[in-house]
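Would you mind keeping the following structure in view while I ask a few things?
We call the chains A, B, C and D, going by the order they appear; numbering starts again at 1 in every chain.
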Amino acid sequence: MDFLYSYIILAEVYVLLGLSTNLLVGIAGIFSVSQAAVFGVGAYLVAHFLMAESLGFIPALAIAAVACIVLNILVTLPALRVSGDYFVVTSFGIQLLATAVFTNWTNATGGANGLPGIPPPDVFGLPIESTGQFVILCSVAMAIGGLAFWLLMRAPFGRLLRAIREDELAVAAAGKNVLRAKVSAAALAGAFAGSAGGFYATFLSFVDPSSFDLDASILLLTMVVVGGARTLAGSVLGPFLLLALPQVLTLVDIPTSIAAAMRQLIYGVLLILFMLFRPQGLAGEKL
Amino acid sequence: MVWLQLLVNGLVTGSALGVVAISFALIYATTKIFHVAHAGVYTLAGYLAWSLVSHGVPDVLALLLAILCCTALGALIQHQLYARLERRRATHLVVLIASLGALAVIQNVIAAVYSSNILQFPVPWSSRVVTVGTLRLNWAQILTVVLSVLAYAGTMWFAHRTILGKQIRAVASNPFLAEITRLRPQRIYVIVVAIGSAIVALPGVLVPLDLGLQPYGGVTPLLTATIAMIAGGVGSITGAFVLAVGIAVLQNLSLLVIPGEWSIGVTFFIFVIFMLFRPTGLFAKAR
Amino acid sequence: MIKVQGTRRAFAAVVTSVLLSGLLRPAMAADETIRLGAILPLTGPGAVVGTQEMRGIQFAMDAANAKGGVQGHKIEVIFEDNQAKPDVSVLSFNKLVDLQKVPMIFTGYSGPSLAMAPLATRKKILMINAGAQSDKLTKASPYLVNTLPSTGDEVAVMAKYLVQQGKKKAAVLFENDAAGIGGRDDFLELFPKAGGTILAQEAVQFGQTDYRPALLKLAAAKPDVLYVVITAGMVPLVQQLKQMNPDFLVAGTTFMADPAAIADPASNGIIHTQVQIDAPPELSAAFKAKYGDDMDFFARQYYNAAQIMLTVIDKVLSEKKPVTGENLHDTLFAIRKFQGLIPMEFKSNTATVPIGINKMENGKDVTLLQVTAE
Amino acid sequence: MLLQLTGVAAGYGPKTVISDIALAVEPGQIVALLGHNGAGKTTTLRGIMGLLPLRAGAIAFDGKALDRVGVADRVAMGLRLLPEGRGIFPDLTVAENVEVVAARNIGPEATFGIADVYKLFPVLDERRATRAGSMSGGQQQMLAMSLAMLGTPRCLLLDEPSIGLAPNLVERMFQQVQQVCRSHGMAAVLVEQNVAAAMRIADRVVIMNNGQIVFDGSPDEARASNVWHYF
């Protein structure tokens, strides 16, 4: 069962990240390609506190979430100044900068060696050690995240965000505070990404920069788009599907020497077909 | 005299990077597509030339054939992928992800056919060294600078002196007017991606001639070139070229003051700061 | 309601696909085939090394199966691509162990191996690493066995040799990943201990083959010797070194011994430590005939590791014991001494093998001296 | 009849903006299409150019039904649009602007060639090497007008040509439009906010309100009528 469990746990962590990305990209219209960087900061912070045994899991997670709120506001600030593709490229820059810091700030992150031996989490003194318990923990986290997202989308704030995405000038002209709305969306997205990092670090008990690089950020975007932008169902479906896809593709029988490349190739073809024939994703609204 | 050799090396890598930047700038300014698959075209050029040279095709002919194949591939991507997405009114995000899919396809076809090993061109002359004073350059580097500068000059001449070049700039400048003055923007898009792909094939062959071929090696040069394009001001060929050279020189010279592992991080840090204060780029024209 | 239906259908697709991926293969488990796993980077930048490792394993298994397998059992190795990422590795590990019931897994790369090590301990799955040399791997798990010494052993040999040769001022060029940093750290500790001084160090990214800026900066420090810890891209490195016309000695680790680099005249005079693992010429030729590439260090290492596994499985089967991770582990340490491509002894989780110092000369790699590291 | 619209309806997304539009333009005629913002004038022009699909009705040009004719072919037939505020290629020089449009639109029987542009607007001749986007609004509008007329225009659709121009410039430009129409038998549909100036050169006045035509007659009839409460 551990395979299924570990699949579910990782998918649930990615659902939190998917919600974060969806909130920023799908709903607030801030096209960020640096969510993996924020995710990484959350993971390293929780790892740090647990390895130093200075804090329990829940307080560590809270601190990581708060730090990532601040960080995410900072990294999305350029979006207020530059728009469209300019921000995408700036965001690429932020992501590559973060990777450089994760790889080279050896004292804090262990550098390219990573941090092995992160202790398992505890919930108010109750240690979470088996994969089964971990599934429960992550499911609860995902449920809370999903509920928050769902409630938000129904609240006036959600409608305001959507209106901003449609026509920012009109919303600003109507006297609404666009800046505050965008910053709030970025803050919430940061909290999601930071806590996802905490679950990720403690589940794997190991973190290194390769989990938080540009590829990871792009995977997140792909998850959101394939699942469906701007909907809760989309944010859940995308991670579950895209994490399963490589596993399913291993069933395709290909000569071993080129199998892995062929699977990545099929993945690319599927992405293209998806964008051509179902660009709104499985359960999303039209982008 | 380390700085002099570093400076010259920076100029060499920068000129090749500059050609990548102008090819991407040409495509991006006209189609507004964030053509990530361009990195795949760049990589493919080298592998095609390598195959041809390995089969005894003369070096110059191999280069020309590689350029020709890339031209066709570029036209194919625009015509079969981007144009279809455009007709379906796909958003930027959808097009970007489809482009990532195309990149995955190209890279992994290469990996499946050629394996992931770093391949060296079987051309002994390329690593022969020429000494000028204290400077030591090999023929591959010299050829890179000469042909890159020629490519830049050729592109400038093409864009400003030929009717097709002017039409491309017209479409980039006002696609709506181009539509109603029968400039046939859709056709121009195919042409411009084809030309951009032809141009990028040049550094795609020259750089691996010196440094070897890797199937996944195209993304970093493309991202750096993109940053050069944005910092140089979208639409400015000179801006893209000069900034690319500048970035490469900066990265080389930065080693004199900081450890090398930070040079990429510092580059992107400067870029992010730059974007906050001068988001339209250095060479952007007043609008 | 169309959207809801679409969602449901997609959910069904996910669940079905997961179940399918689990159910299809074990359905074939009725035959006598013994399945092993291998989790290696087969796509992405790390694939340079991972592909060769995969070929080494597959080459050994194909040969064994062609001879009828081990006591009538065919051996199949299921390869998983982890793209050198720890999270994918953990998924792959659980998948291989839960669904394919493999008793042992070949790994490489420090990060993924470290991420999987706790799982190996908990589930008693034997992991064999024949490629990564991070010092942390030596103590990561009792179930993680390294068939090559950690970089520390190689560095110790080289540091002593260099000082003996009067090369007391060194600069270090290292790859900015676990393997490179491990080697650098060892050198920074062991070279001064042997009586040398370190003048400068510079990192390069994995897979980045423009070494010129780093080389120029290191050369400016005027060292007697440049110590190189890089795992891939040797040909560009030796060519760029040659281009500089250096007045210092270049020394490296086993990774230096890329056949293409040795064949390149630019590599003349470079010395390196070599974890002794020679392939007989007919084996190399058969490998090259099959894959079109030389059987490099990694291919030989994993070929050798696969041979070790075949020996261990043979013993487990002849003792009529089930092929479990625990039995494989215990039997491996019971046999202890192996005679694969090289003699190898497991006094701990990390093999003790002879280490030589080689010099590249006119397209050949000549052994200068040989020691056995402790 | 050069241009004829019958029962035309068009719109964007779920919204139908214009409906039941009937309009006939004869060769040489200048029709002023007036109405307040959002009345559907620009939508009508876009419909004529084929930039918007029709939801009902038909458009015929020179007796030929346009329902299967694409934008580029309509331009080739002589339908020309001067779009509001974006009628030039700002990053190209004046000469390049003229050159790229001429290259694709001037045939052997062109009524309006490159030389005619500089004859009609001498100021453009002086500024040939200037980047078009850096010129004044009036000069940009002259260039836009020239681009719309290059080749063999038979019916000019002018969308707010006077926007941002000084009053004397507006007069001059309109006189030039009138002159070209007279000399080449070209028709023009002129959408304008500057009602007075438009009325002075118009042969006919059409007034739209809420996506419908509410008045169609001569300028004198228009002056005499009570349609002005629409403004």
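Here is the rule we use: a contact is a pair of C-beta atoms (placed from the backbone, for glycine too) under 8 Å apart; a residue touches a chain by one contact, two chains touch by 3 or more.
None of these values were measured; they are calculated from a predicted model.
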Centre-most chain, if every chain is reduced to its averaged C-alpha atoms: B
From subunit B, the most remote chain by mean C-alpha position: D
Separation of subunit A from subunit C, taking each centre as the mean of its C-alpha atoms, in whole Å: 32
Cα-centroid distance, subunit A relative to subunit D, in whole angstrom: 51
Subunit B and subunit D, separation of their C-alpha mean positions in angstrom: 42
Chain centre separation (subunit C, subunit D; CA means) in Å: 73
Where subunit C touches two or more other chains, by residue: 43-44, 47, 51, 176
Residue list for subunit A, restricted to those that touch at least two other chains: 103-104, 257, 261, 264
Pairwise chain contacts under the document criterion: A-B, A-C, B-C, B-D
Footprint of subunit C on subunit A - complex, ascending: 1-7, 10, 103-104, 106, 111-114, 116-117, 200, 204-208, 210-211, 215, 233, 237, 240-241, 243-248, 250-251, 256-257, 259-261, 263-264, 282-283
Touch list for subunit B against partner subunit C, complex: 2, 5-6, 9, 13, 108, 111, 115-118, 120, 127, 129, 136-138, 210-212, 214-217, 220, 251-252, 255-256, 259-261, 263-264
Residues of subunit A defined as touching subunit B within the complex: 25, 31, 77-78, 81-82, 84-86, 88-90, 92-94, 96-97, 100-101, 103-104, 214, 218, 221-222, 225, 229, 257-258, 261-262, 264-265, 267-272, 274-276, 279, 287
Residue numbers on subunit B that touch subunit D, as the complex places them: 163, 166-167, 169-170, 172-174, 176-184, 235, 285-287
Sites on subunit B touched by subunit A in the complex: 28, 32, 34, 81, 84-85, 88, 90-98, 100-105, 107-109, 111-112, 115-116, 219, 223, 226-227, 230, 259, 261-262, 264-265, 268-269, 271-272, 275-276, 279
